[in-house]
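Should a chain be cited, it is by its letter among A, B, C and D, assigned in written order, with residues numbered from 1 in that chain.
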Amino acid sequence: MLEDKKNQLPKSAAFTLTLADSCFIQTQRLCQWCGQAPSLEEEMAISNIALDTLSYARYLYQETINRVELPETPDTLVFKRDARQYRNFRFIELPQYSFADLVLRNLIFSSFLQNMFQRNKIADEKFYSFSEKAIVEIQYHVDHAHNWIRRLSVGTAIAKQRIQSALDIVWPHTRELSLFSEEFDVTDHLQSQTRCSWHHRATDLLREVGLALPSLPDRYRCGYDGYHTEHLGRLISETQSVYREFPGGIW
Amino acid sequence: MLEDKKNQLPKSAAFTLTLADSCFIQTQRLCQWCGQAPSLEEEMAISNIALDTLSYARYLYQETINRVELPETPDTLVFKRDARQYRNFRFIELPQYSFADLVLRNLIFSSFLQNMFQRNKIADEKFYSFSEKAIVEIQYHVDHAHNWIRRLSVGTAIAKQRIQSALDIVWPHTRELSLFSEEFDVTDHLQSQTRCSWHHRATDLLREVGLALPSLPDRYRCGYDGYHTEHLGRLISETQSVYREFPGGIW
Amino acid sequence: QSKEDVFDAYVAHGGRVEASHWMPDAYRKTLIRQVSQHAHSEIVGMLPEANWLISAPSLERKQILIAKVQDEAGHGLYLYSVAETLGAKRKDLTDALIDGRAKYSSVFNYPSLTWADVGTIGWLVDGAAILNQVTLCETSYGPYARAMIRICREESFHQRQGFEALYRMFAEGTDAQRSMIQDSINRWWAPSLMMFGPPDTDSNNSAQSMKWGIKIKTNDTLRQEFVNTIAKQSRIIGVTIPDPSLKWCPVSGNYVFTQPDWEEFYEVIGGRGMCNQDRLENIRRARDDNEWVMDAAEKYEAQQGNYAAGDPNHA
Amino acid sequence: QSKEDVFDAYVAHGGRVEASHWMPDAYRKTLIRQVSQHAHSEIVGMLPEANWLISAPSLERKQILIAKVQDEAGHGLYLYSVAETLGAKRKDLTDALIDGRAKYSSVFNYPSLTWADVGTIGWLVDGAAILNQVTLCETSYGPYARAMIRICREESFHQRQGFEALYRMFAEGTDAQRSMIQDSINRWWAPSLMMFGPPDTDSNNSAQSMKWGIKIKTNDTLRQEFVNTIAKQSRIIGVTIPDPSLKWCPVSGNYVFTQPDWEEFYEVIGGRGMCNQDRLENIRRARDDNEWVMDAAEKYEAQQGNYAAGDPNHA
C-alpha cells in the first residue's frame, strides 16, 4: 500500500501521484456542481472538464502504479487510502462556495496542469501521446476559465467584488505550485518557454481584468507532503462511503 | 439485527425506535449548527437542546433493545444500520438551510415529543421517571422555539418572509405525526387534554404571529415506514464514517 | 376547407410540420407543453443521479455516471431549443417549473436511496422513457422528431449501461449487494409503471394528440410493452419483480400485471410526492445563487456590443 | 505619588482591581487585548472539534464532545463579558477578529484531520492552556481572575477526558487506531509547544504584564512545566513524543527538549497558517448568514419597548 510518506516513493511516482490525486479531487469538486450550475450550458461545460480530469487521474494513477510496481489499481488507490494519504495540492480540496471559486480554481489548476504535461511530453517518452492529447483538451478548460473571469470581472461591480474575494483566498495557495515545480525539477524544462508558463498567463489575465493579486506566503506546508485541511477528510469519507459499506463488492 | 421491516418489530419497540431515531437525527442536525449559530448565546442554547435529544435517543434505543431482547446496544443501532433501516420522521432529516428551519423543526419536534412523553408517562410505568424529567426539559426547547418564531415573524418583513417559506416546506410533513399518533394509538391518551396537544399549541402560536398554515397532504409516505429522502443517506454516511473506517475499534 | 382542416389532413398523411409552417394554436400549445415537460424531466432527472456522483464506488462507474448526467443536460438543452422554435422562451419555461406551474415526469419525485438505484433508474426508468420516445421519432413536428432520434440513441445506451451494472453486481457481487438491488427494484417498479401516465380510460388530451401525431401509442399499450420487456430481462439479471400476480398469458401474448396505485400517482403529479419540494428547491437554489453570475455575463456581453436578446449563453 | 504609582503598588502587593476602580489606560488596553484574545481562542477553538461532532464514533463520545464545545462557547461568552467590564464592545471585538486585526491562539490554525485529534486537542492543547490559565487565577484584575477559576475547572475536566480517550483507544483499540493516535501526536506536539508564545528572549510586553500581575510566569517557564508533565503522561498512554532529543536531565530536574520551528510560529501568527483563512471564513459566514436573524431580534425587542443598547441577546 502507498500509505508511506511521499519521500519513500520514487520521485517520479510521487510526481504522478500528486497530479493524479489533484485531478481526482478536482473531479469531485466539479461533480458537486451537478444540478447547481448557473445554466445548462455550464452544466455541460463543467461535466466536460470533470470527465477530462477524471481520465487524467485514471491515467496518472496507473502510471504511478507502474513506476512503483505495486499490486494496486487506480480504484484501490482512490477507495482504500484515507485522507491523510492523499497527495493532492491543498487548494484543490477547498470547497467551492461560489462560481467565482470554480472558475479561479479551474484557471490555476488547468493552466498549471497544462504546463506539467508540456514538461512531461518533453521529459518522458512514455507520456508523449497522452500529454499531447491532454494539452489540447486542457486548452478548452483554460479558455473556459478565461472567458468567465473576464465576464465576472468586467460585467458588474458585485461580480468583480466576489471574484476578487475568491482570488484573495485561493491565490496564496499557488505558492505550492512553485514549490512543487522546484522540488520536481520542472522549472528547467519550461525555462525556454517562460512566457507561456501558467503563472505568466494567469497573472497577465488577472491584471488585465483589473484584479489585485495578493502576495504569496514565504513558507507553505504542501498538500503534496500530506498537509491537508479539514475539508479533505469529509470529501474522502463521502467518496468512499458506498465502497466501504459493501466490503468485497463488485461494481 | 433490527434490519427487518418495522412491522416485524413488536409495536411497542417500533414506537420507541421511531422516537429514538428521530431524536438522534435531530441531534445530528443541531450539531451541524456548531460554529454557525447567530450568536454565542444560540451556540449554547442549540447544544443544550442537542445534549437533551441525544440523551433521549440513548434512553429510547435502550428501551427498544429491552423490548425486543436483541443483542444490540444503542451504538450498534446507530452505527451499523444503513440509512434504509432508520425509522425517523422524515422532516427531521431535511437539511436546515437557515435559522428559520431550525426553529420551526424545533417547534414541531419538541412539542410533539413532549406530548409523546406525556402519553408514555400515563401509559407505561417503566417510562414514568424518564418522561417526567424529559417533559420539563423539553419545555425549554419549546419556549426557545416560541421566542424565536415570535421575534422572526414580528421583527422584520424579510425575516417574516423567510420563516413563512420555511413553514411552507416543513408544515405538510406534520401529516406524518398525526398518522404516527393514530397508528400507535396515542391520540386516546391525549384526548382528555386536547387543548394542550402539540398541534393546538403550535397552530395557535403560528396563527397568532401572522403566519399562514399550508394545507396537509391526504396521503403521506412515512419516515417511520422507512420512506426517506436522499438527505438521510448522506447524513448517515458521515455519521458512520469513522466507525466504519476502523473495524473493531474501541472508542 | 379551413386552414385547420388542411393542417389536419397533412399531418394525418404523415406530413412533417416545420417551425416556419402555419400551425393551429392548440397544436402549438400542446407541443410546447409536451416538449417543455419532456425538457424539465431531463433536468429534474439529473438530480437523483447527481446524488451519487461523489460516492460512485469505482472510477469507471463515476465516469459513466458523469457522462450520463451530462447527456441529460444536453437533452434538456436540445428540447428547450425545440420549444423555442415554437416561440417559447427558456426563462419562462424554467420559471414555470420552479413555481410549480409546469409538470415533469412523476418518477423523479421518488428518491434515489442506494447506489443500486443508479442502475435501476437506467434499466427501468430510462427503459420506460425510451419506449415512449421511440414512437416520438415519428411525431409530426419535425424539430421534435429529429431531437428524439438523437436522444433515443443516447437513452438506449444508458439503459444498457443500467442493465449491465445491475447484472454484474447481481451475478458477481455479494449478498449485501443483491439485497440492495432487490430493494431498489421493489421501490422503482410502481413508479416506472406510472411513467406512461394514467390508464387510457382516465387519460385526457390523448385523442387529439394522437390525431395530430404528437402521441403515437396509448399509455396502456406502451405500459404493456414495458412490462413484457422488463419481465424477461428481470430473469436474466435474477431479480424478482415485486408483483405476485405477474404472469405470462399465452392467449394474449402479454404479461398480466397489477396496476400501480393511481391515487399515489395523482398525489405526486399534484406536487405532494416525496421529493417534489426537494427537486424544485434544488433548481430554485441553483438559479438564485447564480443570479449574479448570469447578470454579470449579460452586462458584459452588452458592453462588448455583441449581446443578442435572451440568454447570455447564446451570445 | 502619581495615581499610576499608587496603582502599581496596590497591584504589586497582590491587590485585586475591580471594574469600578481607576486603572491606567495601558493596563486597561493590555487587559482588553489579552482577555479578548483569550475569548477569540475559545470561539475559534470550537471549530476543529466541531469538525468531528457528526462523525463521533460512539454516542458517549458524541455527548462528551458536544458538552465540551458548549463549554468553550460558554468560556468565550464569559470572557467577552469580562472585556465588556473594561469598556469593550463584543461586536467590535468580533469584527476585529473577522477582519484579521485581532489574534487568537496560533494552535487553532492547524487542522484536526482524524478522530484522534479530538483526544489530542484535549490532552495537549487544553493541557497547555490550563498551565497558563491556572496562573491567571491569581491575576490582578478581579473579574478575569474569577472567570479563570471557573474556566480552569472545566478545562481540567476536558484535559482528563482527552487523556482518557487516547489512553483507552491506545490500550484496547486496534493497530490502526494506535497509528492514528501517534500520527495525531506527531502533528500537534510542536503547535502545542508554541502555545506558550515565543521564547522569553523574544517576548515583548512580558515585563510590564508581569509587573501588573496580568502575566504571572514567563513563556519558557510554562513551556518547561508542560514538557515535564506531558513527557510523563505520554509513557502512561504509550505514545512517543516526536522529539528524538527529549530526555530527562536529573541535574536541572527538567526534560530537555527541542524548540519548535519559531519561524513557522510567526507565519501562523501573521495569518499565513494552514487554517487561518478557513477559521475566519467560518466565523464571517456565520455572522453574515445570520445577520437577518439578529436584525429581526433587535427590531422585535425595540418594538416591545424592552430593548437595551447592544446585543439583542442581552435584552
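Here are some notes:
Note that in this section a residue touches a chain if its C-beta (ideal position, glycine included) is under 8 Å from a C-beta of that chain, and two chains touch if they have at least 3 such contacts.
Here the structure is a predicted model, which means the values were calculated and not measured.
Among the remaining chains, those touching chain B as well as chain C are A. If you compare A-D with A-C, the chain pair joined by more contacting C-beta pairs is A-C.
Centre-to-centre spacing of chain A and chain C amounts to 35 Å, using the average Cα coordinate of each chain. With centres taken as mean Cα positions, chain B sits 41 Å from chain A. The geometric centre of chain C is 56 Å away from that of chain D, both derived from CA atoms. Multi-chain contact residues of chain D, defined as those touching 2 or more other chains: 55. Within chain B, contacts with two or more other chains are made by residues 237-238, 241. Taken chain by chain, the contacts fit none of the simple shapes, being neither an open path, a ring, a star, nor a full set of pairwise contacts. According to the touch criterion at the top of this document, the contacting chain pairs are A-B, A-C, A-D, B-C, B-D. Within the complex, the chain B residues that touch chain C are 83-84, 90, 169, 172, 217-219, 221, 227-231, 233, 237.
Within the complex, the chain C residues that touch chain B are 48, 51, 55, 111-114, 183, 263-264, 267, 272, 274-275, 277-278, 281.
Those residues of chain A that touch chain B in the complex are listed here as 82, 234, 237-238, 241, 244-245. On the chain B side of its complex with chain D, the touching residues are 27-28, 31-32, 34-44, 47-48, 50-51, 54-55, 57-58, 74-75, 78-79, 98-99, 148, 150-152, 154-156, 158-159, 162, 235, 238-243, 246-251. Of all residues in chain C, only 43, 46-47, 50, 52-63, 66-67, 69-70, 73-74, 76-77, 80, 115, 165, 168-169, 172-174, 176-177, 180, 282-283, 285-286, 289-290, 292-301, 303, 311, 313 touch chain A in the complex they form.
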